[in-house]
Amino acid sequence: MKQEYLKYIRDNVFPTAFCPGCGHGILLNAFVSALGELDYDQDNLVLVSGIGCGGWIASPHMNTDTLHTTHGRAIPFAIGVKLANPKLKVVVISGDGDLTTIGGNHLIHAARRRIPITVICGNNNIYGMTGGQASATTPVGAKTMTTPLGNDYRPFDLVKLVKGAGGEHVYRYTAFHAMQMKKAFKDVLQKDDFSFFDILTGCPVQYGRRNELREPAKMIQWMKDNSVLYSGEYHDDKIMVGKF
Amino acid sequence: MKQEYLKYIRDNVFPTAFCPGCGHGILLNAFVSALGELDYDQDNLVLVSGIGCGGWIASPHMNTDTLHTTHGRAIPFAIGVKLANPKLKVVVISGDGDLTTIGGNHLIHAARRRIPITVICGNNNIYGMTGGQASATTPVGAKTMTTPLGNDYRPFDLVKLVKGAGGEHVYRYTAFHAMQMKKAFKDVLQKDDFSFFDILTGCPVQYGRRNELREPAKMIQWMKDNSVLYSGEYHDDKIMVGKF
Amino acid sequence: MKEIMFAGIGGQGVILSASILARAGILKGYYAAQSQSYGSESRGTATRAEVVLSEEFVDFPHVEHADIFVVMAEMGVKLFASKVSQEAIVLYDNSVFELSENIGKERIGIPATRLAVDTFKKPLYANIIMLGAMMRHCGMVGPEEIKTVLKETVPSKALADNIKALELGSGLEY
Amino acid sequence: MKEIMFAGIGGQGVILSASILARAGILKGYYAAQSQSYGSESRGTATRAEVVLSEEFVDFPHVEHADIFVVMAEMGVKLFASKVSQEAIVLYDNSVFELSENIGKERIGIPATRLAVDTFKKPLYANIIMLGAMMRHCGMVGPEEIKTVLKETVPSKALADNIKALELGSGLEY
Amino acid sequence: MPIEKKKTHLKAGKYFMQGDEACAEGAVAAGCTFFAGYPITPASEIMETIVRRFEEEKRVFVQMEDEIASMGAIVGASWTGAKSMTATSGPGFSLKMENLGYAIMTETPCVVVDVQRVGPSTGQATRTAQGDLMQARWGTHGEHTIIALSPWSVEEAFYETVRAFNLAEEFRTPVIILMEEATGHLRETVAVREAIEIFNRVEEGNGAPFGGEEPLDAVPPMPRFGTGHRLLVTGSTHDPHGYRKTQDRVTQERLLSHLQQKIEYHKERIVQWEEYELDDAETVLISFGFAARAALKAVKDARKKGIKAGLMRLKTVWPMPTERFETLAAQAKTLIVPEMNFGQLRGEVQRFTGGKKVIGVNRADGEVITPESILRAVEGGTSL
Amino acid sequence: MPIEKKKTHLKAGKYFMQGDEACAEGAVAAGCTFFAGYPITPASEIMETIVRRFEEEKRVFVQMEDEIASMGAIVGASWTGAKSMTATSGPGFSLKMENLGYAIMTETPCVVVDVQRVGPSTGQATRTAQGDLMQARWGTHGEHTIIALSPWSVEEAFYETVRAFNLAEEFRTPVIILMEEATGHLRETVAVREAIEIFNRVEEGNGAPFGGEEPLDAVPPMPRFGTGHRLLVTGSTHDPHGYRKTQDRVTQERLLSHLQQKIEYHKERIVQWEEYELDDAETVLISFGFAARAALKAVKDARKKGIKAGLMRLKTVWPMPTERFETLAAQAKTLIVPEMNFGQLRGEVQRFTGGKKVIGVNRADGEVITPESILRAVEGGTSL
Amino acid sequence: MGYKVIIRENWCKGCYICLSVCPKNVFEKAGLLDDRGIIVSKAVRPENCIGCQMCADHCPDLAITVEKEDE
Amino acid sequence: MGYKVIIRENWCKGCYICLSVCPKNVFEKAGLLDDRGIIVSKAVRPENCIGCQMCADHCPDLAITVEKEDE
């Protein structure tokens, strides 16, 4: 992160409360850098989040108006903000448990209505904060506190879910794709549309620990090795990244 | 409905409390007839519903175990029943407001997990029982109590939504397609899979009244005229019916 | 002060009658309160609508002892009889049912549904016919106020029929 | 009855220490209670763990006046000093901070983190070293019980190092 | 004080309105510019009126996917400076509880209407009750304080809604309007005045945006989003600047004390009630909402019979005028609480009677409580 | 009575467990075969233990998408004959309120654990509190009755969970276990007995499957789904056979009376408390849960100082032993209620003291209340 | 061989869907209101019935049964 | 012309993602624990830096800034 971008964060709360190597930090980094590269008016930006480590990405780290809400409900609060003052840019940043498990209904309704907010899911495939239970994006077979023998249930493909609900401007990147992510953030920050990001952040502590990805660097490498840039053809066995 | 199928209904509650020409009754008719044609064991069938006119299709009309739950929550109750006793056939029948507006999260999670229950949405594109407010399936431009100048927001395409969430065995029919509907009900009643039905029932009173479809017969005719059987090609401007 | 109670089944328009009466009362400068009870099963179940008209604010705005009871369906009689004053005038639709109960002081049969079907080819205005009849006994509001309210509330193409029904009811010989 | 309090920052393993001590107490037939406090921000904030060992059921299972206070990070001292008995023995990691506060009766510095890094190339077993030192002062449990508990709780490949750390702590000269 | 005398949007005069409608008109008059709702009997008519009036007034109405979302949306909207509101009934009120607690914790002004119907659960949707009195106070988890008002007539549905907005803004807290179906669906004469008093939110002022600074009972200023304050709003325990402090007991204690004191220490501005014929009353009735109208009728009927009865009628139900309960209990030979539940208000009054037993007149079958049944209790009570 | 003496699944002996773990083991012992949950601090360890033990025992565990769904799922499961349970903390408890009311209305046995943390709202997730006492009673809308238990130790977390299941089955009602984080996360010695008593659901018996028949306080039999009963289960007002009656006041009245009486008339089987040194006590403490442990220590310390103090400790918090409050109030010179909130239990006790003021010792900052602070109040109270 | 077209008149609500879906124009509205205020449907030309079941399957009130006539 | 690789050491948590993403092997683990018990990352070969920003963009703790050296 560039020195000049420090104004977009509250440096008094650093170092963050995230674990070492937490991919949510990479998302934070990319978002801050996107603002920095655009020299974005931080006083016209409201960041809304729910509960979870993912809910901490914006609050308290980002130096804008932030609304840290209840678990799963960031989107309705964000809609209240946006509809009451359409001039504001409203971005929701929260976790997979928050936005897609307990909060899935608000997500699909926001997508359906194409409310002009941006929703960024810091998707680490698990409930990080509460100690590593399965979420709606935990892969089949993955070990979690609540699936010690491996997860039985299929996860959402969030790109398909949001598009199936009617959403447009849907993106996916992993923590490895810090630069592409940043560029896409810049794109949507300059628009007043609905947009959705599935950002695979990786949780080395609660997810990695149980699934042989304990080392943050290994997790990043794994993301690199298993992802494919989307260019028209969608492979269900790969992590498809890009714009959809 | 055949005389012999009377055993599947509680005739002491007839005539139903539905308005004249309510399409929910046609769904009821088709479901009863499907059971009848299969000579289905009604004592191994649990019908679960939420709140709304659609929630009354099964309760109290159907002569099986019925669980009339809270608004939007039929699916979780049904999952409790099914997982606790997998031998039972569990079918959820409820309205569009119930299953897809307030209850959308439970629907997508059930689809994702492919819990072996059947979910039938009596979709009349409106909140019938509470006096005709817009639901998540109300078409753009349609007049409702809460959209007197016409609905601004895009509705869900429930087939796309459920498939986007990971659901299989997804069907759509209208009240005009009573016979096809019945046949499809028979198919899924004999399986132990997740399946989903978007059944366009039509509400002549709350929807029709405001949208020039006040006459039930006209509503049925409209459904006939505007629907196309799916055979590989999906047209967004038509009501696609069939299996998806 | 007058307490007026209307009863019928869903769809018979008893709430509309009550509301028209109350609005007419307002036009005359009275305090008016109008309430009703109906189920979620709003179709085919008993509906009750009440109006209290008074010179001044009424503490308890529901009917305690109806001075006038207008009843359009038999199931309404039993359900609400206890709220009818012994001095009450009871108007009932005798083209729909026969009143066997011995309620109120005076019981007057009005064949409103039959009259409506005969005149308008549908039962739709039976409630307004009853309202017309009621008006004569209530004494607090006249045809002018009710017509003014009708003008404000019913679709213009239905206005003439409504007024006709009102006059039919108020002009009945019995 | 003995009340023992451990304090440190998240990740230093003070809860594990407390839990090992409590389980060891159970093996000796004592009633044991063990509690802790930590935040959602479980990383980098003050953690406290408490153990009460007693012959019989203890009404209030938290530390009221710690007989022994084991403290591994400076921020723990101020935060929890009020719960330390005036008669207490205070064991602190003097390879991490200097104890300036005048708490308890006896204050003993144990360079646990340095010893751990020296011996195991990582700070990981500092808590067990402290536990070893604590054991000598507690008097209610011995190395046998603690080793038995370690066998049941730590992964087998880490067992030897754990035992080594324990002995390092209990064998220290000071 | 940031109180403004404002012309009412409706022409002064007499109107005939439904309670739900009057509540919505009250919101319009109070300056509510954001409404998020979800349909439910018997509250839907509030939304129906709002839809129509907001269209005319160019304010923001949104129908959300459920009651949880509606509650979230009005909190979000409030932080943009909007006066915001939602309306529901029992089942929806239960769903709002988590986000209601969030509004309390974040000191977000907003108004939540609960038009009470028969419960528990789905119960009887079109029937009336007063079963949510205690839920309004205690429905959300954790120690907290709340303000709730209970209009007894259609006219009051209008004015108490205005007052609800004013209190919400003055004390930066959600305010609940507890109505009954009996009032919500009642049509009645409403006299609209020329002008009403409006409390305008204090956006800039001394101190940080959240409480916990000295004095603890002071209401902090509430800047709006988008004005450069870079606000940190959180439902977790936070310091006066909004920083999360989920480990610190001092912050928690100060915050909770602040949330309590800003309301409890200012009860005189919040708690309102009316008294009828209490001066020489030996039989004292205490009631609220629709039940109080039946109680007043009963008091008048009792007086006609020579019984010295009087009524205390709560307009604010939370917090309660407990000191007045005490003096009335001291004065009264008989204390009677009529209500449409099994004794929720009675239980509250019972705490402050110095041991005198309170008699309940209760009805929870979906019908309104009648003057007759209360009169019977008054007669029975005096002949004890 | 369908009570069975059953071997405990754990070998008799002493265990060292966490409160959450003991609660889960209690559920296994009680015969719970269905658990639906959603993670939340500080209740997640209950789920964690259930996952492990249910795997071993081949019972059904499901992690749902939220707390609303978890509550719905356990009600559905219960109708198949399963003993079912869910566990949560404040924010999740608030979300469960609507479906909790459904369980009450449909007379569905199930157990709901609330491990209390600091509120309101997200508050402090890892800190302890007793802020949900009133919410447990009143959190869902509409007039209703509830049973809630409050274990004060890890051992009791085990046995009171068993009792919760038994009461749920015997009275066909949801039973709440109100624990504190302080107990949920406490590790302590637990003595497991050889055998425990289990109440087995009465599936067949006299009368229709729902209450409202005479006698009104009788618990109706509860047939299970899939056995030919063609049950009609609804959260709307219903007659004894389950037919919806949403217009009929008699049905509503009978149903509500039944729901109340089946619990209130059988308080002697439900309400349990313990008394310590009360015989000659002049200072009477009344407390519950973890706070009662501090209170007991304070009582003993007070006795050492020659103060005649005693403690009444509630094991069942709802309904409350109000008659005993009355006799104790009559006996006591000083009444003290220590609790980890701003006075929720105190308010309840205050109703039954014949006017005697109850002194509160309160703490709501996330730390456990201490014997010292209570002792100070005891000393202060006696010197009044 | 023909068909019997049975209408459970007290279940019929007069929506006239049967009139519109019957390919053989078997039904008509009854002339008179019944005691619920409904003008029910009548099978006035049962002899035209071809047993297609369109009416029986589309009746929202389960009021119609069409059976093969016993010879 | 080269690059300045700045690490805010007190923000670094020792995840070593920078080590793994740097194409030029600029970083190493510092030998010693700091007072938080962390072995931070050090830019030990800044002269190799090509300014690709991989490290700066991937540091989850926003601890790295890579700037063009002023001449």
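Lettered A, B, C, D, E, F, G and H in written order, each chain numbered from 1.
Simple rule for what comes next: contacts are C-beta pairs under 8 Å (C-beta built on N, C-alpha and C of every residue); 3 or more make two chains touch, one makes a residue touch a chain.
This one's a predicted model, so the numbers in the text were calculated from it and none came from an experiment.
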Intersection of contact partners for subunit E and subunit G: B, C
Chain pair, C-E or C-G, that carries the greater number of C-beta contacts: C-E
Centroid spacing, where centroids are CA-atom means, of subunit D and subunit F in whole angstrom: 35
Centre-to-centre distance between subunit E and subunit A (centres being mean Cα positions), rounded to whole Å: 39
Averaged-CA centre spacing for the pair subunit H and subunit E, given as whole angstrom: 58
Chain centre separation (subunit A, subunit G; CA means) in Å: 59
Junction residues of subunit A - those touching two or more other chains: 15, 18-19, 70, 101-102, 104-105, 109, 129, 136
Sites on subunit H at which at least two other chains make contact: none
Residues of subunit C touching at least two other chains: 37-41, 44-45
Footprint of subunit E on subunit C - complex, ascending: 19, 22-23, 26, 31-40, 42, 57, 59-62, 64
Residue ranges of subunit D touching subunit H (in the complex, touch as defined): 9, 11-12, 44, 96, 113, 117, 123
Residues of subunit F touching subunit D in the complex: 14, 16, 41, 124-127, 153, 182, 185-189, 293-294, 296-297, 300, 368, 370-372
Subunit E residues touching subunit A - in the complex, by the definition given at the top: 33-34, 36, 60, 62, 64-66, 68-82, 84, 98-99, 102, 225-236, 242-244
Contact set on subunit H toward subunit D in their complex: 33, 35-37
